[in-house]
Each structure stands twice: as C-alpha cells, then as structure tokens.
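Shared chain: chain A. Partners: chain B in the first complex, chain C in the second.
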Partner chain A sequence: MLENRKLILAHFWLAFAAFGLALLMGAWQMFVRSPLYTWISNPEWYYRSLTAHGTVMGYVFPTLVAMGFGYAITESALKQRLVGVRWAWVGFWLIVTGSIMAMVPVALGRASVLYTFYPPLIGNAFYYIGVVLVVVGSWIWVALMSINLRVWRRTHPGEPVPLAMFANVAGSYLWAWTAVGAALELLLQIIPVALGWRTTIDAGLARVFFSWTLHAIVYFWLMPTYIAYYTIVPRAIGGRLYSDTMGRIAFILFLVVAMPIGIHHTFADPQVGAGFKFIHSAFTALVALPTLLTVFTICASVEIAARLRGGRGPFGWIPALPWRNPIMLAVAFSFVLLGFGGAGGLINMSYQLDSAVHNTQWITGHFHLIFGGAIVIMYFAIAYDLWPHLTGRALPSLKLVRTQLWLWFVGMIVTTFPWHWVGILGMPRRMAYYDYADPAIAPQAFSVTLSAIGAFILLISGLLFLFILATAHRQPASEASEYRFSLPIHPVRSVPLALNTFAIWVALMIGLTITNYGYPILTLAARSDTSVPAVYVGAQ
Partner chain B sequence: MSTRELFTFKNAYFSASVGITAGLFVLTALGGFILLPYLQKEVRFASLWDAICSAAGLPQRAAAVATGKVGPRLTEAVLTPTMLARPSQESIGRGATLAHRCAICHGPTGLSRADSPNLAGQYASVIYKQMLDFRSGARTSAIMSPFAADLTDQEIADVAAYYAYLPRLPAYHPERKAPKPRIVIYGAPLRGIAPCGSCHGSLDNKVGSPWLEGQSEVYMREQLLAFASGQRRNDISQQMRNIARAMTQQEIDEAAAYYASQPPDVVKAVD
Partner chain C sequence: MTVQEDHHGAEVAVRTEKRWAIISVLIIILLAVLAAFAGIHRATMPQARVETIDPTRLHVSGEFVESNLGSMLESNGTVTVRAIGQQYSFTPACLLVPAQTPITLRATSADVVHGILIQATNVNAMLVPGYVSEQFMRFEKTGDYLMPCQEFCSFGHEGMWGKVKVIDKAAFAERAKNGGRLSCVGE
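Now for the complex of A and B:
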C-alpha cells in the first residue's frame, strides 16, 4: 500500500538527478588528473568539482535515497498511511533549498574546501549553512520514522515490528546521532569563522568531531542496502529469509558499534592519544560482525531459493539461481564488491597497516569501492524493485537493466582496483595534478589511465540507469500487485522485547560515544592553545 | 512494554549486551592505556599514571633533556586574514610621514629603482610581517634591521597601511615575451612544490604572501637563494625554504625573470 507515491518519487528523482550530475563531475576529475589529458592549469577548478562531487554523493544523494525508501517502507511494511506527510514535504524542500544554497558558492569557487570541510580551510558561510539545512531536513525524516512506528505500535500492541521497519528506524536513529558530530563542528566551530565572528579555529577538535560523523555515515549509507538484502532479495528471487532474528541482531549491532569507532580516521593526527586510537581500532573490528552475519544469512536465504528451484549438491545449487533476475545479479555484484571493500577496510582499521596507505589513493579507491560499488548498486536494485509500484508501469526492458548492472560492476572494478594499486605504490590523494613524465610516477600512468576508463564505464552505466527510470514513466500502465517484503522461513509470532525496541541499543550507542569520544573532545575543547588562524578559500 | 522491564539485569538481553560492551571497553582500555605504552621499548614511564596520561594524549612536559645550542630566532608574527583590514585615514597619514625614511630605497611612490621591493599596493599584512621580523631579528638585513629596530607595532601597522593604500603602478622593468615557465604554472608536485600562484596571487592569495609581479628580478633571485641556503628563515613552517631548497638554479632564474616581467596591475586586489 503505497499512498504517497509522489513524495517517494520526488525523493528518488532528486537523489538520482543529483547523482547523475555528481557522476559526471567524478568522471571529469578522473580524466583531467589522468595521463589522458594535459592539465587544466588551475587546480582550483579541480577542487571546486571535487567539493561538489563529494557533497552531493556524501550528503545529498544517499540521504534522499534513505528518506524515500524509508517512507516507502513505512507505508508498505506497516500497512498504514504515512503520518506527517506535510512535514515530510517540509523536509524535502529543506534539502532542495540546502543543496542549492550549498552548491552556489561551490560553483562560484567560494567554498572549494572538499565535502569533509578540512578546517582551517574556510569557505563561504552559505556552503556550510546549506549542508546544515540538508541535515535538518533529514532529521525531520528521523522524527517521522519514529512517530510512525509509535502510531503503529499503539494499534498493534506487543506485535513484532516488521523487519524492514525495524531496520529502517534503526538506520534513522543511527543517522540522527552520528550527524551530531558534524553538526557540532559546523555550528560551534566553522560557521562562526565563516561568518567572520572569529578568525581562528581548533582544527584538531574539528577533525575529531568530523570523525564522529565520518565513519558511521558510511553505515547510514549502507542501511538501505542491508534492508534490501534482508527484505527485498529473498522475495524477489522466490525464496525465504533464513532468519528474521539474525536480521534484527545485525541492525542492532550496527546501531551500537558503527558510531564509537571514527577515530580510526585520525590515526595520523597528533591531537588524539594513542590509547583512544587503539580502543577505536578494536571497536572497528567489531563492525565486521554484523556484515559477516548478513553475508551468512543472505547466502543461506539465496540457497533456499536455489533449492526450491531444484538446485542440488554442495555447489550445484548456484547455477539454479535466477541469474536473469536483476535483483539476483545486483546482490551477487554487491557481495563481491563488499568482500573486496571489506578486506580493504580491515587494512585501514589496523594502525600499522594504515600507516602504509594513509592519505594515499588507496583510501579513495576503498571508499569508492564500498559506497559506489557495494552500496549504490543496491540503490539501483531498490529503485528497479520499487519503480513499477511507484509509477504503476513495468520497467521497459530487463535486458537493459542487466546491462546497466553489469556495466556498473565491471566499471567499478576497473576504476577502483588500479586505484588501490597506485595507492600502495604511494600515490597521494587530494592532488589535482600529477606529472607522469617524472620517472618516479611514470609506472603508475597505466593504472591511472585504466581507472579513468573505468570512470567512463560508470558514467555510461549511470546514464543508462537514469534512462531506464525515465522511460519507465512512459510505459503502458499496468496493475502492480501490492508491494511486500520477504517472508522468513519461520513466521515471526513473537519477538523478545529487547529485539523489538531500541531503548537499550540507543542507550549503549550514546554510552559508547561518551566513553570513546568524551575525553578527547573535552580535553581539546578545554585547552586554549590549540587554535590556528583560519585560511579563507577563494577570498579574493 | 516498559523501560523498567528492559533496563534490568533480569533481562538477559540487557545484562548480556551491557556486560559484553563494558567488558570489551575495559579490555581495550587496558590494552590501549597500559599494555601498549609499556610495550614501547624506547619510551620509559615514571609511573603507571604517567603511562596512562601519555596514552590518553594528555600533553605533558617532556622529560628533562639537555637542550642544545639555541638556534637563530624564528618569526613570532601571527597573521589572521582580517588583520589590518580597513585601516583608518589617520593610520595611513601617519604611515605616509613615517615612509619618508623608506623612500631612499623603495622610491618616493613606492617603486624602487634600487632592486629593493616595490611596496606600492603591496598587501599590508606582508609589509607588517616583514617589519616585525626585521625588528625581532627573525630576518636580518644590514639596511633594514636598524630601520625597524625602534618602530612600535602601531608604527609598523601604519607604514604597512600606507603602502597598501598606494596604487600599484607599473614598475621600471622591461617587458619580456618569454612563455610562462613550467615551475610557475605547475610547480613540481613530486618535489612538493606548489605552483607559485597558489599562494602568491594568480590562483589564490594566502595571508602573508606578497604579490610578485614587477618586482626586481635580482631581489627575487637573491631571496630564493637565501631561503634555499637557510640564510633567510622567517617563513612560517618553512614553506619557502622547503620550496626553494627543492628548486634547481635554472628554475629559480626562470621564476624570478618571469615575475619581474609581469605588470603588477594584473594582480587582483584582496580588499
């Protein structure tokens, strides 16, 4: 029962349109810093584009997907009309306003500070205020998810919350808390300097605040993907979910341990003590747990589907899977990319191994593989799965859909594998220009060229995706059945209170934030000698 | 459903999750704050508390070590982007009076015929910082140091405001039609050299960096060589010394000649 299709479609279309533009910029960046092009001569253009690419891909695109998908889940999983539609539109327009407000100064070259802000670099205040509006818009969504669940509970006392909604609300709570770090950095530190009220900034404290957001934001991006693994994939390929409880535990684990681990992003920072770096490193290792649980559960669910289709033997069931089904293809690609990306992540979280790859292209390769690869390919799957229910029309061609997914998968590997490789060779990240004629990096020219070609494959795939979604609106109308999520093998009759509510887990999340972040933040905030003069960008 | 029902150790989920989380925290804290500090062979701690403070990142006084010879003075000037912005007319007027003594080398209109820098229209923060450094001894010059020795902070700010106020006139340097040298456009990323314009104006202006167009070729070459040899060391964080050390003699010559041949009126005003 999808009542507010217009609202959901608005979120998805804005998300994907912004994604298309940012993808274009990404491909251009790969091209101009590769040996295929001489050099634009002005690094400012590169950083301008990079800031826009990161801001859209990091804040605007995944937030809108999570929101649109969240509204769809609320209506279809809870089988009730969305409460607070007007507020949902307010949130949507806040994001539109915030995005435009942030992108204008970026386009004018007044805020080329990259989406991670990097104080003491300071850009135009409207850039930061725009980002804050995007976050505030998404907080409205968080509140609505919580309210809608509460409304449902009142009419369904004691009943198990459907897994899709449980996971959706867990994701929204994670986002609400993890966004606080960057919000504090922006409101207390950066915006006062950008407005000219102060001329110095504690860059070390700002980095600690940002690390609070920076790691868990990845798990917020990941949430729609994991929800799709558990609640779309088994149904779409004609199987059953292996375990509903395992799903709940995985989402709870994400809620608790995704947050207090961000200091592994500041391993090379002198302002954080080595003891805290160790604690964060150890807790980062724990985040592998919910992912391993998920990989196991989804493989088991997929196996059930294959055996129902007549698959036999220890491995013989694999060819029996519905490989022509786009969702099957997407989840397989996503798992492969997640496997490589996760392995790279284990390297980044180990203090000693990280020092070999810190600030190299390895890191950029890594987060493109995880986010652009494993996560975004499932966003495509979510869109393909929901589109017929949102538009009331079938997708134009499944063959085109499969081509698009294949192109994305191949493109992502061609882009990110050489990217990792040049990182191991020591190529630094965040640089606009590389002189490939220099004997020191001449051997890397081939890998970088390959990466740039991969970027163009991704661009073609992304445009194809937009084309498929757009043409779907012109297909003849067809009656789509009710949108539903996958059923577990064992029907869920009752769930322990702890696995049906969030109180313990939110309390643990906040508690761990205090133990793991409290001391580093308080000591830096209390010291008076840690601020440096701001460096205004584009001040001329 | 009540909170009381959830938050009690009778609830197995509560006791297990809180127990495991607390246990993990204690375990990792023991590892990070006690075990790992003591595993570092090269560091000696006076006490357990000392080790914990060190791992927590608490800044502490370094152990008493024999301090070597005190090196030459470094710059103590601190510049922020809004410093010296919008000076008063009085300040500019006082600066004009004080600037009489500068005119012998820097020219009555702020344009030098003596291979000294042209000061007309130079950023106030640049003149201010260099004068502070001449006064403190962070930068030394047989001519400039005595001039700066007796000036107060206010007088230095006034002189800087006056020269920043003067219009940038084309200097007396011959026009050259040579192409823009590679070191100026690209820098040399592999040697850690950014393009000159990323601080000195054509791409971006960083506080404290002068614009260079139309300055004396001889002067700029001499300064690059002085940075390279370490004779001049008043650049904050060694930016210019690191760059100049990595430049070849030819690149130094090219960069100096290029900037000397450029008209200063192309530099954008920052205010």
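Now for the complex of A and C:
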C-alpha cells in the first residue's frame, strides 16, 4: 500500500545520485594520494573533495535513505496513508536547498574544513548554514514519523506496533537527539564566528559537542540496515523472524546506549579528563550488545529459512540457503563486513589499543568497513527490494544485481583491509599525498596501491547499482504484490508496554546523555580562558 | 502443529535466546575488565587533568617560549620534551631523546587543531589550541622515527612531518650536561 511512491522515489534517487558523485570523489582521492599517481597536484583540491565526500556521505546520503525508507515503512507497515505529505516535501526541498548551499562554497574552496568542521578552522558561513538546513529537513521527518505512529495508535489502541515501524521511530528519535550536539556546536559556536560576529572560539568544547553527534550518527546510519535485517531478510529468503521481542530490545538498546559514548572519539584530546574517558569507554563496550543479539536472531532466522527448504544437520543447512537471492547474498556480505568492522570497533573502544591507531588510516579503514561495507550494502538490498513496488516494474536482471553485490563486497575488502594495515604502520589520515620515496614510508606504498584498486572496484559497483535502478524504470509494467515485512515464527499477540512505547527510553537516552556529557560540557563552557582566535579558511 | 507444540517451541526459542543474551553480556564485561586491567597494569592512561594555555601568548612568556622548547634533562634523571605544533610544522622539527629513560612530552598548538603521532609506537596525542597535552613515553632502543601531524590542519597538512631521534642514554647525558634545551634540528 505505497501511496506516495513519488515522494519515496525522490528521496531514494536524490540519495543515490549524491552517493554516486561522492563515490566518484572518493575513488579520485584514493588515486591521487596513492603511488599510482606520480604527477604533481594541488593538495588544496584534495581537501575540497574530501570535505564534499564526507559531507555528502555522512549527512546527505544516509539521511535521505532513512527518510525515504521511513516513509515507505509508515505506509506499508501501518497500512495507512502518510499523514503530512506536504510537510514531507518541505523537508525534502530543505535538504536539496541545504545541500546545494553547502556544496557551492566547498566547490569554490571556501569551506575546506572537512565534514567534522574542526574549529578554530572556519569556512564560509553558507557551508554551515547548508548543513543546518539538511538537519532541519530531516527533523521534519522525525516529527512526521512520531505523528504517524500516534495517528495509528488512536485507531489501534493497545495493539503491538509493527516491528518495522517501532524500529523506524526509534531510529528517528535517535537521530533527533544525536544531531543536537553538532547543532549546538554550529549554532552557538561556529556560525557566529563564520558570520564575523565573534572572532574567538573554544576548540576543545566544540570537539566535545561534535563527539556527541559523531558516534551516535553511525547508529542512525545503521538503523535502516538493522531494520532490513529484521523485517526484510527473513521474508525475502522465505523464512520467519526468530524473535520479534529481541528485535525490539535491540532497537531500544541502540536508542539508549548509542548516545552517551561519543567521548571515545576524544581519547587523545587534552580537554577531557581521564574519568569521563573511562566511563565512555565502558559504555562503548555496551553498544556491542544489541549487535551481538541481532547477529544471533538473524542467523537463527536464516537457519529457519534453510530448514524450511530442506536443510539438515548442524551446518548442513547453510548450502540449502537461497544463495541466488540477492537479499541472501547482501545479508551474508553485510554480516562478514560487520564482523570485521565490529572487531575493529572493539579495539578502538579501549584507550590503550586506540592510542596505537588513533587518527591513523586504521580509523578510516574501520568506518569505511562499517558504513560503506555493512551498512551501505543493505541500503542496496533495501532499494532492490522496494524498487518493484515503487516503480511497478521488475528489476531488469538478478544476475546483474548479484554481480553488483559481489563487486561491492570484494571492493570493500580490497579497499579497507590494506587501509587498516597501513594504519597500524602509523600512516596518518587526511593527507593529500605521501612521500613514498622516504624509506620509512616506502613499505606502505604497496598497500595504498591495493586500496586504490579496491576503490575503483567500488566505483564500478556503485555505477552498476545506479544503472540497474535506472533501467528498472524502463522495464515492462508488472503488478507488484502488496509490500510486506517478515513475520515472526511465533505470532506476536501482545507486547509489554515498555516494548511498545518510547517515553521511558527517550527519557533514559536524554538522562544518560546529561550524566555522561553534562559535566565535561559545563566545565568547559564555564571557563573564559579557553577561547582561541579563529583561523579563516580560503580567505586570503 | 498443535497449539501446545507451538507453545513448547516458543519456550525453547526464548530459553536459547536468553542463553545467548547472557553470553553476550559476559563477553562485554570481559572486554571492559580487560581494558581496565590493561590500563592499570601497563599504566597507559589518558592524561589525568585538563591544563589550559593562551595560544596567542605562547611566544611571549611561559612554558612554551622558544628558548624552552626541546628536550631537557631533569635532576631526577627523567627527560621533559616541550614542543608546539603550528601550520605546518612542529617546533622543534626533530625531537632528540635518550633511550631507556622515562620521558614526559608536553605539547600544545599555536593556531588550529594538530596531532602528534610517533610512528611504530603508541605515542599519540591531539594538540588543541588553548590546552596542553601531556604524554609519558619511553623508548627501549635507539633509532629514528617519523612524527607526522595526524589531524587535518588545513591545506598544508600533508607537509607537516617531524622526526624523533632516539640516542644512547650516555650520549644524551653528555650533550645535556651544560643545561639548555636539546633537539636534533639540522642533524
């Protein structure tokens, strides 16, 4: 029952078009800083590209996917027409406007501050205002998700909220609150300086604000992926969801513990004391819990599908899985990459191990493995799964889809594994080039070359993805059945109130953020001696 | 499948799930304990307190004036190294330190956010303007290390590489006996 297909398609197409451009820039960056490119280049272009790549991949692409998917979930899981369609379009156009406003100064070299902002570096004000508009556009979506759920509850009092919608709303609340950290940094600190109203800024406080956003934003990117694990995968491969309850618990845990852990991004910083670093480190370990629970539930659900297809024995069921089904392939790839990425994350979580890899290429490898690997591969799966229902046409070729997923999986491994390795060798991040003639850097040349080759495999896969989606629009029309989500093996008749509502969990999320962030923020904000002069970028 | 069987199946499912949840929690507790143990046992802890400094007056007075930068042999036999990062170099650009000696690195930034990383070691600190970073380190063997800036500090970031030269303890003491601040710039 997808009524607003145009709205959903607009979100997905803008998301994937932006993704294609950012991917192209990413591949170019991998190339120019590798030994494959020996000509002299202007490093300044590299940082423009890096800023655009990060801003699009971090703020624009996943947000639009979450929004488009969220609207699709609202209509198909709740089986009711989306309330507030006009507002949804306002949100969409705010994101379009914000993205253009932010990208113009970046393209002109006036805002090469990277998507992490890094004050006291200050770029053109329009860059930051554009980012704020993107976030405001997404907050409209958050409000709409909450309103639509409320409308549904009125006609379905006491009924369990469908898992897909429950998770979707949890994800939207997570985003609303995690974006507040960067919003405070932008509105209270950076934008006044960028507009010239002030000339000094507390760089340490800004980094603490940003860490509030920087970690939980990853869980916001992850939400559509996890929703797909629980509510698309079992249905698509002909199985049942092992446990609806565990799904709810996992999403609630993400909502509560994704937030108060961000200070692990500032382990090496001088403006946060050791105590809060330890607290955040311990909380970071906790956030592995929902993932461990999910891995179990999804593997069990997949096993159900295999046994229904005649699979036998403790491991003999694995070959019985529908491996030619793209969703099966995607979830298997996603889990492998999540396994490696998650293991890397557990390493970064401890101050002691992190200090060997902090701000090296290891970190870049880590989050590309998690985001580009585990997360984005499921965005592909979501698009492939929804497309026939959005376009009313079947996908042109499943073989092409499988090729695309294989290329992405192989490309991701070829890119990120050597990337981790050079990080262990101590190669710093975000440099436009390296002097491979230096005997101390020369051993890294081979690995960097491999990474660059991986980036080109990823680029080919990404372009193939766009090609498949585009050609799907020209297939002969076919009536798609109703879009539905997976059913749990044991039907859900009633759900405890705590697993059906959000009030207590949102309160806990805000409470934990205040206990874990309140003191570090207040002590820095209260000091008057920590503001330093702004350094304007591209102003000469 | 009868209703009763279905009910039994659900019970088994819940029991298995609970077992896994307990294992997950134990894994996490184990990881946190390991991290805490490693921190205490190997004494690798983040800097305990927050120190501030005015980056616009570094060159005028105080700990980070130019004449005080570099390595200094303390009376108790340890060494203190002071350095600053600015767009796009470290001062001093080459840190001279002795092997097998406890060393305290104190550093800050004169302009934007930088980072100090000594390759092939776990010496790694952010330099945030307005704050002083402190790290304890110890090198077992003599040798040369690269010390890149590990945080984006604008267009010249890729050119911001320093060096660390670890020399024999006795040789260092010999060079330090007249006091002053040591570095290996130009060596």
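General observations
Methods note: the second predicted complex is superposed on the first by the 537 of 540 C-alpha atoms of A that agree within 3 Å, B and C clash if a C-alpha of one lies under 4 Å from a C-alpha of the other, contacts with A are read in each partner's own complex, and residues count from 1 in each chain.
The definition used in the following text is that contacts are C-beta pairs under 8 Å (C-beta built on N, C-alpha and C of every residue); 3 or more make two chains touch, one makes a residue touch a chain.
What you see is a predicted model; the values in this text were computed from it and never measured.
With the C-alpha superposition on chain A as described, chain C and chain B clash in the combined arrangement.
In the overlay built on the shared chain, the residue A:Val537 is in contact with chain B and with chain C. Within the superposed three-chain arrangement, the count of touched residues of chain A is higher for C, of the candidates chain B and chain C. Of the two partner chains placed around the shared chain by superposition, chain C is the only one that A:Arg207 touches, whereas chain B remains out of contact. Once the two complexes are overlaid on the shared chain, A:Ser397 sits clear of chain B and of chain C alike. By the touch criterion defined above, A:Ile441 reaches both chain B and chain C. With both structures placed on the common chain, the touch criterion links A:Ser478 to neither chain B nor chain C. When both complexes are overlaid on chain A, the residue A:Leu425 reaches chain C alone and has no touch with chain B. Contact with chain C, but none with chain B, is seen for A:Asn359 once the two complexes are overlaid on the shared chain.
Once chain A of one complex is fitted onto chain A of the other, the partner contacts of A:Phe267 are limited to chain C, with no touch recorded for chain B.
Using the contact criterion defined above for the overlaid structures, shared-chain residue A:His490 touches chain C, although it does not reach chain B.
Only one segment of chain C in 99-107, 153-161 or 171-179 runs into chain B in the superposed model, and that segment is 153-161. Of the residues of chain A, those at positions 43-44, 271-274, 277-278, 282, 286, 431, 433-434, 438, 440-441, 523, 527, 533, 535, 537 touch chain B in one of the two structures and chain C in the other.
Against chain C, the residues of chain A that register as touching in their complex are 43-44, 46-47, 112, 114, 118, 120-121, 202-204, 207, 242-243, 246, 266-274, 277-278, 281-282, 285-286, 288-289, 292-293, 296-297, 300, 346, 349-353, 355-356, 358-360, 425-426, 428-434, 438, 440-441, 489-490, 523, 527, 529-533, 535, 537. The touching residues of chain B, when paired with chain A in their complex, are 1, 3, 5-7, 11, 13-14, 17-18, 21, 24-25, 28-29, 31-33, 36-37, 52, 54-59, 78-83, 185-186, 188-190, 195, 198, 203-207, 268, 270. Contact residues of chain C toward chain A in the complex are 6, 9-10, 13-14, 16-17, 20-21, 24-25, 27-28, 31-32, 34-36, 38-39, 42, 44-52, 54-56, 87, 108, 111-113, 115, 117-134, 144-146, 148-158. Residues 39, 41-44, 157-158, 196, 199-200, 256, 271-279, 282-283, 286, 431, 433-435, 438, 440-441, 496-499, 501, 503-505, 507-508, 511-512, 515-516, 519-520, 523, 527, 533-540 of chain A are the ones that touch chain B when the two sit in their complex.
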